[in-house]
Amino acid sequence: MQEDHGIEVERLGRVSLIRIARPTRKNALLGSSYEEITKQLKAADADEGVSCIVLTGAGDWFSSGNDLGNFGGFDPQKMQAMLAEKSRILIDFVDAFIDLKKPLVAAVNGPAIGIGVTILALADIVYASDTATFQVPFAALGQSPEACSSYFFPRIFGPALANELLLMGRKLTAGEGERAGFVAAVFPAPAFQKEVTKRVMQMASFPPGALAASKELVRGPLRELLRDVNRRETRVLAGRWASPEAKEAVAKFFGRARRARM
Amino acid sequence: MQEDHGIEVERLGRVSLIRIARPTRKNALLGSSYEEITKQLKAADADEGVSCIVLTGAGDWFSSGNDLGNFGGFDPQKMQAMLAEKSRILIDFVDAFIDLKKPLVAAVNGPAIGIGVTILALADIVYASDTATFQVPFAALGQSPEACSSYFFPRIFGPALANELLLMGRKLTAGEGERAGFVAAVFPAPAFQKEVTKRVMQMASFPPGALAASKELVRGPLRELLRDVNRRETRVLAGRWASPEAKEAVAKFFGRARRARM
Amino acid sequence: MQEDHGIEVERLGRVSLIRIARPTRKNALLGSSYEEITKQLKAADADEGVSCIVLTGAGDWFSSGNDLGNFGGFDPQKMQAMLAEKSRILIDFVDAFIDLKKPLVAAVNGPAIGIGVTILALADIVYASDTATFQVPFAALGQSPEACSSYFFPRIFGPALANELLLMGRKLTAGEGERAGFVAAVFPAPAFQKEVTKRVMQMASFPPGALAASKELVRGPLRELLRDVNRRETRVLAGRWASPEAKEAVAKFFGRARRARM
């Protein structure tokens, strides 16, 4: 039986709300979750009744990132086909964020890990609950940055902090994310949904042509570059997936996780 | 009778001081104000006795931005000519900031709105009084970013906060502007003029060739790009001025303002 | 007798530690110090037993920057040859930082001045002791920015603060450097070495291919640009060295320093 992709979509007036909802897996993303988000972003962007889009998580987590179960059971015979397929899914997913014409608000309701963090730099506005944290433990797991984080992180956090995140896997609090300019504002968890909804509903009441014009002036000149970065990052990451040192690091992680559960 | 442009110029040693002085209109800018600032920036830059330039406001405000009275009474017959004229004035004004060879210090003595904020990203150093605030309510008024803010704001504030400012019109305090790296330092209002003057007079005593060399290394490689951004932004903004949704949003604003005065 | 270059190198597991050690001169850099650091960076980058590199200072200072004694006794006859030689040394030094394939951690154990500050923007991660300060008094001394600081400073600090540093020579505390995103984290002086060593040793235990892949994604696309910036900055700086106003400013500095010692 195929696992459910766990992506829910809701409409609030002129706002399209996309929610990651796999609470038993801390909203980790399956291959099918990536594909569903890609599809829903494109649908909302094409819908004339939608002025802006919100991405959030169900429950306590925003997203724990790529479901590392995605890495299990690689059949060496099918390795090349599998890598090509995973690369295509990732490239399409990140392109969907790059290509959006309408403002995207990320409402980070709790902890975010890996691609749950990197993708936020492609949102236009990021709000965080005070329970949110941000961690990208790529190097420890033998992985490398994706979702244009190798471009955006040094430019948002400054090189020193960006590389501490990417290379050392330091975990940031919501407040640290705000001070670094990664997050526009932090709200206490109990008020989070209300505060974000209020702001998003107001923005959705503004002339849609003005919202799109502003977004296009900011994003338009970067699009070609970001699409190139997306492809370069994914190529490097596929090389990592295939590397013995990354397989070993992920296996070690699963070993630790299994021992922690015993 | 033509309204006065409200721009005053003063010389303090090797410093040229340009002051926006229309206090009864919160230092809003008329078409003639833009043109006078353009002229005075060029004059100061060409004057061998000047080492650096200061832009500030008279009274409690820095500038409330574009005088929305500029939008009144558009004769539909003359619309195209009017848009072309306004676009030319804006392009020349922003180019004058882009092209400066000498350091420009913005001394933000109080609240700033719209182009009173966006133009600050083209200054070299920005000081703010603790009474200063920063707001760019473009989307609410059906407008779009100008003065290279679509380029600089995401790079200075980070995309998340930049887009919250540009799309949602959030108002920043002076302290928030400093934490975001938009403002170099904040001083209490009573000491503001003294603190800024002290720093500017000291800088003006440094070797002028060194000041110009440093500015040129930072600004020179960006000039062509910024001039392109200026033209692209102005083209989009002229499209906004001509759009029904923007006219309606401005009319609504005037309606609210009129009711607020009654 | 030739003065010692004052650069020490140590190996800790997979970490290569380069230490500036001229404590009687506050770790100021001689021509030979630049050349030794260049050589040691290249050696560490080529050594398969090394995963990452640390640059730090011995004693209370990180580095007081270029040894201004370097400017003494210019023989006008040999001026051109001297400028060419100094330019070559500086270009090679900065290129060595630009070209590194392995992560470089700067451990700023105390005050940094001039090139002791600018070079930090080319490190991947910067940690600072709470005794660290950052000052680049270029304009006051008739000098101009080097080590790609004209590129990185406006992008890290924001233009307003970057230019206040470069033009006015404002001194930043460690905490201000952290808030500006120039420094990843600040530790109290007594714990500084222990805290940095712990983090660096952990990073050095991560898969080296992942560290190099992450660094390459971030740095690779900038390398050509940064090498151009390095050459442009050095050309401008050599012009400054040869200028009467810079010679006069340095002489004035030495006069003040001499009077301060009497």
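For this structure, a couple of remarks:
The first chain written gets the first letter, and so on, giving A, B and C; residue counts start at 1 in each chain.
FYI, a residue touches a chain if its C-beta (ideal position, glycine included) is under 8 Å from a C-beta of that chain, and two chains touch if they have at least 3 such contacts.
Predicted model only: the values in this text are computed from it and were never measured.
The two copies, subunit A and subunit C, are related by a rotation of 120°, based on C-alpha atoms and rounded to the nearest 5. Under half of the residue numbers found at the subunit A and subunit B interface occur in both copies, marking it as a different-residue contact.
Subunit A and subunit B have centres, each the mean of its CA atoms, that are 35 Å apart. Across the assembly, subunit B contributes residues 155, 179-181 that each touch 2 or more other chains. For subunit B in complex with subunit A, the touching residues are 138-145, 150-151, 153-155, 157-164, 166-168, 170, 179-181, 229, 232-233, 236, 239-240, 243, 245-246, 248-249.
Interface of subunit A with subunit B (complex): residues 103, 120-121, 123-126, 152, 155-156, 179-185, 199, 202-203, 206-211, 213-218, 221.
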